Structures are given as C-alpha cells and as structure tokens.
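What follows is a set of structures to go through.
Both of the next two complexes hold chain A, though its partner changes from chain B to chain C.
Presenting the complex of A and B:
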C-alpha cells in the first residue's frame, strides 16, 4: 500500500480509560480535500454535533433531523483554504475525536498525533496497547 | 445491536423508496493501519481487534441512516465477496461504529468493511 500520510492519531477515551488505546487513520480523499482547501470552518461540524448531542440528551434522537440550513453549510460555507498535512491532522482531531479528548483538561494527554511508523504493525497484543507519554 | 447480512446490503440500493446517497466501500488493513480505498470517509478509528468507527466526511441528515457489513477478502476489492455479517455498536449522523460479525482474527486476514447511508 502506498503511504499517503505521515501521521496517525492515538487516543484514549477519558470515560473508559480501561479500554485499549485507539488509533485514528485519516482517509486519503479527505486529506486531499483538506490540503486543496475544500473544507468548511470547523464550527460548521461542531454546530451539527451540538444539535445532535442535545437531541440525544433530550431523548428525541429517534426523530431528529439536522436543521437544513446548518446541514447545507457543510458545502455552502466559505472554504478555509489549503491546509498543510499537519494542520489537516489538527483539524481532523477536532472533527472526529470525541470532544472530551481534546477540549477538556485531564491529568495526562488523551491524544497524540504520531508518525505512522510509531504505530506497531504487529497486532498480536492489540488489546493491550497503551498510549505512553 | 443489529446484525446484517450480505443480502441486506445488496438489496439496499433502495429501501422503501429511499435512495442511498452515500454508498461507499472501505478496505481497512489493520496490520498497516491503512485505508486502501474509501469514499465519503474522513477517518477510521481502530478501537481494537475487529472494532472500528467509520467517520464520514460530512454529517448526514439523520443519525439513524447507516447500515453496513464487514468481512474479509484476500483480494481486497470492491466486491461483496467475503462480506457476511456485521453488527453496529453506535450510530450518529457523522459516524458508525461497527464490530466484525464473524472474524476477529485480523492478524491473519486483511480487514474489509463497507457502509452506506440513506438520504
């Protein structure tokens, strides 16, 4: 497989620290779009996540649909311009990682952006992986 | 948790008159932590053996639109070969977390995953 990115994100769930460390892998098409400047401002996604979380908390997720105007901002909001690969990874953290991983203070980091070669390819002990500082 | 089979997937290009607008294939190779092909994805979160979250590039209109199948295929291609069952653990409008239906020995096989959404 041709390697298309130098980076991965390792992270833990602050609410389930007994679980094995997770690995986030960016998709090539998305990364290409990010570096080509085709992404909307990150708040467009946060706004949608907030609305959905509120619906879930209020017990009305079964009938929930996104507000059409907010939903369309994903394509209609002004683009933020080209990102470097490193900036794209930071954007991805804020888009796809649980917000509590990066927006709340913890007694240790809950995620790290690492180089691809730092993630073991031998998965024999996958369920025992831990993030080290 | 829902359990699907390949027939559910193959019959899913329409569903009660609804048209899936976000149908795509994903090949995930756990040993290299690599995505060999994707569509409409921004990332995959590998939780552990046989358990992944697929994060979509954009939020869909509803939270409960997504279904998917998992399997393995030595040739890793865009076909239904190898897809048998899958279960999902959670769904949002931006992601689906799935667990392999019958094969957790990704140490021996490349992973093969698939999902789609409905409008």
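Presenting the complex of A and C:
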C-alpha cells in the first residue's frame, strides 16, 4: 500500500479558458492498483470513450450501452505491469483528463502534474488561481 | 484477499441483491481529498461546490442511477442541496455533481466537508 500520493493534476479546459483551473485528485486505491500492475492498456478506456462520444454525436446516448466484449477488456485485457507513482499519474492524465487537454497542441500547456502543497488550499484563492508555465 | 465471482446476487429467500457500481466520500473543503471509495480512480475539483467522479471501471450503460448528498459546513440556518445539472456531464466514465446552499436568498455553489456520491446499475 502506498502512502497517499503527493501529486495532483491541475488543468484548464481549452474550450473554456475563462473557467477556474481544475484540480484532479487521484484515489489512493486506484494508485495502489496501478503500482501493483493491475491496469489494462490505456487504449481499453479510449475505445470505450470513443464509442460513447460517437453515440452522443449520433444522438444515440439516451439508450447507449457499451459493447460487452469491449467493456470486459477493462478486466480481461492483459495487464500492463507495475507502474511507478509518476507513471501512474501520467496514465491517469490520459484516462481522466479531457483528451483535448493533452492530445492536442495549444499555445501553452493545458495541464501540469504538481505536488499537493503547490495547490492553494483556500477556495477563493484557488478559484482565482491560474496555471502558468 | 479472495475474489468472489458471480453473475447474480440473491438473498437466501431468493430476492435479488444489487450492490453499488461506484461510490466515493470526499472532503470538498480546503485541500480536497478522498476519504474512501470503490471503483473511483479520481475526482476533479471544478470550482466551488462542483466536482467530477471518474470511474476506475466504466459503467456498462449511460442509464445508471445515482444518489448524492452533501453536509453543510456551518451552524447557520440554511439548506444544503446536492445534485446534478441537467446539462452536465454524465457519462459511463465520469459523473459531474455539485453542492449548493441557500445561505443567501438563492442557492449558490458551496463546498461541503463531506460529499458522498453513489452510482447504481
């Protein structure tokens, strides 16, 4: 079991840069699984996200269900092996952040992995806080 | 630790049992932190009183059910509301929820020291 992670991910939504900078907080249990080598390849999640996005674009989201074989890959696909905490955070970025934050080019970085103490604990300060390079 | 694999859960009398697909209990004030969870890889702090739960294992269908609650962090007389906006994100991989109070005349987003979100399917 890991100690609770010292990392957070701060990110901006490229489509809504006026919004507050967002903070991703990893779950300790998920990190433990990542570091124990229990995660599937990241494309398993992307495949599910792509299918759901396509259903939304085509107006089929109200009755959308995943293809059972693709859904089962989350626990049936070969595991990728143990990750370091830093590698697990990078995996989490690709899994839980909007893909346009990290997969598309922007005129500045849209996310950063930071230490927890770098994130303001005061809400008013955090809402006014901006991510800079 | 052992793993039990079954397709259906029933009481000894034969009534169906359904467990939660995911749940999370977190502190939404100060340095936001997750107290405990099941099937949640992370939460996102989107701003005052607004959060996203990201699932470790995606829910099979977008038509899942959910319950959320939030504790009010004050002795002042007011109500706390927790829920989801109609146009907010509710996908099989993430669930957006928020808390607000009516300490003023209208409900406004407010952080909660104990926010609980549960998903059933």
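Here is the rule we use: the second predicted complex is superposed on the first by the 130 of 133 C-alpha atoms of A that agree within 3 Å, B and C clash if a C-alpha of one lies under 4 Å from a C-alpha of the other, contacts with A are read in each partner's own complex, and residues count from 1 in each chain.
To be clear about the criterion, contacts are C-beta pairs under 8 Å (C-beta built on N, C-alpha and C of every residue); 3 or more make two chains touch, one makes a residue touch a chain.
As the structure is a prediction and not an experimental result, all values here were calculated from the model.
Chemist: Based on the shared chain A superposition, would you classify chain B and chain C as clashing or fitting together?
Modeler: Partners clash after overlay.
Chemist: Just chain B (first), just chain C (second), both, or neither: which does A:23 touch?
Modeler: both
Chemist: Between chain B (first) and chain C (second), which does A:66 come into contact with in this model arrangement: first, second, both, or neither?
Modeler: In the superposed model, A:66 contacts both chain B and chain C.
Chemist: Counting contacts the way the document defines them, which residues of chain A are shared by the two interfaces, the one with chain B and the one with chain C?
Modeler: Residues 19-20, 22-30, 33, 45, 48-49, 52, 61-62, 64-66, 68, 71, 74-75, 92, 95-96, 116, 119, 121-123, 126-127 of chain A touch both chain B and chain C.
Chemist: Once bound in the complex, which stretches of chain B touch chain A?
Modeler: Answer in residue numbers: 28-36, 38-39, 41-49, 55, 57-59, 61-64, 92-95, 106-107.
Chemist: Can you list the residues on chain A that touch chain C in the complex?
Modeler: 4, 19-20, 22-30, 33, 45, 48-49, 52, 61-66, 68, 71, 74-75, 92, 95-96, 116, 119, 121-123, 126-127
Chemist: Under the stated contact criterion, what part of chain A meets chain B in this complex?
Modeler: 1, 3, 8, 11, 19-20, 22-30, 33, 45, 48-49, 52, 55-56, 61-62, 64-66, 68, 71, 74-75, 92, 95-96, 116, 119, 121-124, 126-127, 129
Chemist: So in the complex, which bits of chain C are touching chain A?
Modeler: Residue positions touching the partner: 24, 26, 29-34, 37-38, 40-48, 54, 56-58, 60-63, 91-94, 111.
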